[in-house]
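Since the structure comes first, as structure tokens, the remarks are kept for the end.
Each chain gets a letter, A, B and C, in the order it is written, and its residues are counted from 1.
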Amino acid sequence: MLEDIVSGYHGRPVLHGVSLCVPTHGSLTVVGPNGSGKSTLMKTVVGLVRPDKGRVLLEGEDITRLDAPARARRGLGHVPQEANVFRSLSVAENLRVAFDFIPARSGASYASRLEAVLDLFPEIRPKLKVAAGHLSGGQRQMVAMAAALMPEPSVLALDEPSAGLSPKNAELLFVAIRRIVEAGVTLLMIEQNTRLGLTVAAQGLVLVAGQVKAHAPARELLADGLMQSLYLGGH
Amino acid sequence: MAQLVFNGLVTGLLIALPALSLALVFSVLRFANYAIGSMLTLGAYLVYGFNVGFGLPLPLAALAGAILGAGLALLINRLVYEPLRGRSGVTLLVASIGVGIALENAVRFFAGSTTRGFDVEVARPLRLLGLRINHEQILTIAIVLAALVTIWIIFRFTRLGRAMRAVADNPDLAAVRGIPRTQVIRTTWIISSVLATLAGVLVGLDGNVDPQMGWNYILPVFTAAILGGIGNPMAAVAGAVLLGITEELATLVLAPHYRTIVAFAVMALLLLVRPSGLFGTPGVAR
Amino acid sequence: MISYLVATLVLVAIATIAALALNLQWGLGGLVNFGLFGFYMLGAYVCGLLVVSGTPPLLAMAVAMLATAAVSAAVSLISVRLSEDYLAIVTLGFAECVRLFISYEEWLTRGTLGVPGIERPFAGWVPAAWSDGVFLAFSFACLLLSFLFLRKITRAPFGRLVRATRDDATVAEALGKNVLAVRAKVFAIGGALLGVAGSLHAFYYSYIDPTQFTTALNAYAFMAVIIAGRGSHIGVLIAGFSVILLLEGSRFLVDVIPFLDGAQLAALRLFIVGAGLIAILIYKPDGLVREYRLRSGAS
């Protein structure tokens, strides 16, 4: 999906030739220490930062030149890290407005998409009439993900879903993310919390100083001592 | 006393339409539109042109004027505000002053500065529950309430209405959700200008049509919007009604031509005491 | 012809002083003043009424400056807790209130009848034929003094402080600067300049009434400041002269375009002012002259 990306700000590259690929129905978690370029990677994927070099492909099509809304309409669902719900709109309206301008790819109706998404996140079903700003942090993350899933994106990109959540809420949220993965949604996630991030995904990628240090099945990365040494500055 | 409150209610509803229009533009485009007064004047003159110039009955003339006004608002958006997209709110605000001056003088150029009136029959006022109610007041109440209900329905139940609220809430997220900003902005201008035109007709019926008419309303309109918490369209309506009644009651102690001073005093007091508006949550307003 | 030129140049000087005031308040201080014409009107009336009641003209002018300075500072305090958008409407509202008050309080201002017979400074010593020429020189002296004064305070530490509060009020506050006092001072100094401009207006016409004071002054001043590039005093001088001369000069067009009457032409000129304002914002956002900055990079 990403091909030899060099990306950064004001001509100063942060990513030095990163390539990665998420297979359809697969899942990949990108982990790495602070400043490794995870956020820049996410911004490049969703179209908030233009890469200086390299290509971004979505289902085999080159989307490098498209801006964020255009990528969203092509089927890239994005859940930003912060401010990812419309606080003054109700939960139901958040879901609706996410569907209004990007109709489902399969042609499914709003009602059927709503049911499908609420089955994935039963926690928010009783909150449909509540203004999203009144929800707890974990619930807001779920609403944000549910909204991103409404138009049946081909890829769901999650930006640090555990950020700002208590450990308990983060655990609960990742239970929900696991459900998304098991439902067959293609998932790309960057995550600060290595353990949580790698337990839900099939593949793991370790990014250090803008370069890929390891790309392997998530289970192996978790078991491997490699992670420890990377974070301790080894290699 | 009851008569004053009633008159104040009507005045407030008159202010409510442009105040709503102002708050709507502010919430979506993040700038205070000082051209709101001139948009009101322009609307009144367009309708006047169709009404007196082409001899259309007032409702039809209002419809035609609203359509033409919306077209002009879109043109202004294209020529002025779109090239300035991404610039600071103050730049847009100064640009809107320019738009205001240009529109008002376009009106003066074509229509002159003389005072005019719509071609309507004058009817005798009604008496109801001891209140003296004239037909323009009934019309004002009916039209403003209908307009408010329509706006509310648009906000709640239509795709573009929800999109407008979403953009007002969080423009970055709205882009992520595929909401086309350009289209939302155009819709905002259409609604805003239709409201201004309607207000122009009602103000013209209440008094006269002249190039200054919109300018005279700028201060009350901004005060009403600030009362409601600018950027909160529906609260602006409540602010307008409150201001209208205050202005009317103030005539008990002050000469009627000092209404503007009352509006200014209300605004000054409010800005000192509760800058987020009466209904806003403190800290949310900038 | 000469008298016409003199008249235009006096108006240019007056409008440019107003533009300099706006440049201090908005360009340097970041405080939008949409009520320029109200403070200007206040200055003209204070000065005019004092002169008519027997005060020497220069003393009246000084009182007018103090009055507009004090009132400006007070108005700026209304919106202390708020952003520029609000200051804009507060100043505009204040200006409207000034106009209403002057129009209706006839016991004090003679209302719409206006105040006639305002004597110019040095009137006793100057032969009548020279009156306009001397007054033109006096106006330009005022303009020059205003310019030099502004340039001096802009380059002084005070100027840096003003720019700092404009660029980031929170940081300035955190550094122990009293943002409130700085803003009030900026508004007061700008107000004093508007008092000068208003007084010159009263002297020049020797008769004032409420209809003379319109938002056209606002438009001129904003155009001059935007063309100049916010913050540049020398730019305002250049822009003030070129723009206002051009606009005032366009009064001649009445003779050239016979099918438009005077009122239409006035409307057309103001239309061009409005459109010009927008065009400059779109095509020349940084203005002609860059803001004065210390070379050390400290600002």
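We adopt the following convention: a residue touches a chain if its C-beta (ideal position, glycine included) is under 8 Å from a C-beta of that chain, and two chains touch if they have at least 3 such contacts.
Predicted model only: the values in this text are computed from it and were never measured.
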item: Chain whose Cα centroid lies at the greatest distance from that of chain B; value: A
item: Chain pair with the most C-beta contacts; value: B-C
item: Chain whose averaged C-alpha position falls nearest the assembly-wide average; value: B
item: Centre distance in Å when chain A and chain B are each reduced to the mean of their C-alpha atoms; value: 43
item: Rounded Å distance between chain A and chain C, as computed from the means of their C-alpha atoms; value: 56
item: Centroid spacing, where centroids are CA-atom means, of chain B and chain C in whole angstrom; value: 30
item: Touching two or more other chains - residues of chain A; value: none
item: Partner chain C, residues of chain B touching it in the complex; value: 31-32, 34, 79-80, 83-84, 87, 89-91, 93-95, 97-106, 108-109, 112-113, 218-219, 222-223, 226, 230, 255, 257-258, 260-261, 263-264, 267-268, 271-272, 275, 286
item: Residue ranges of chain B in contact with chain A within the complex; value: 159, 162-163, 165-166, 168-170, 172-181
item: Chain B-touching residues of chain C, taken from the complex the two chains share; value: 32, 34, 78-79, 81-86, 88-90, 92-94, 96-97, 100-101, 104, 215, 218-219, 222, 226, 263-264, 266-268, 270-271, 273-278, 281-282, 285
item: Sites on chain A touched by chain B in the complex; value: 46, 68-69, 72-73, 78, 80, 83-89, 93, 96-98, 100-102, 147, 151
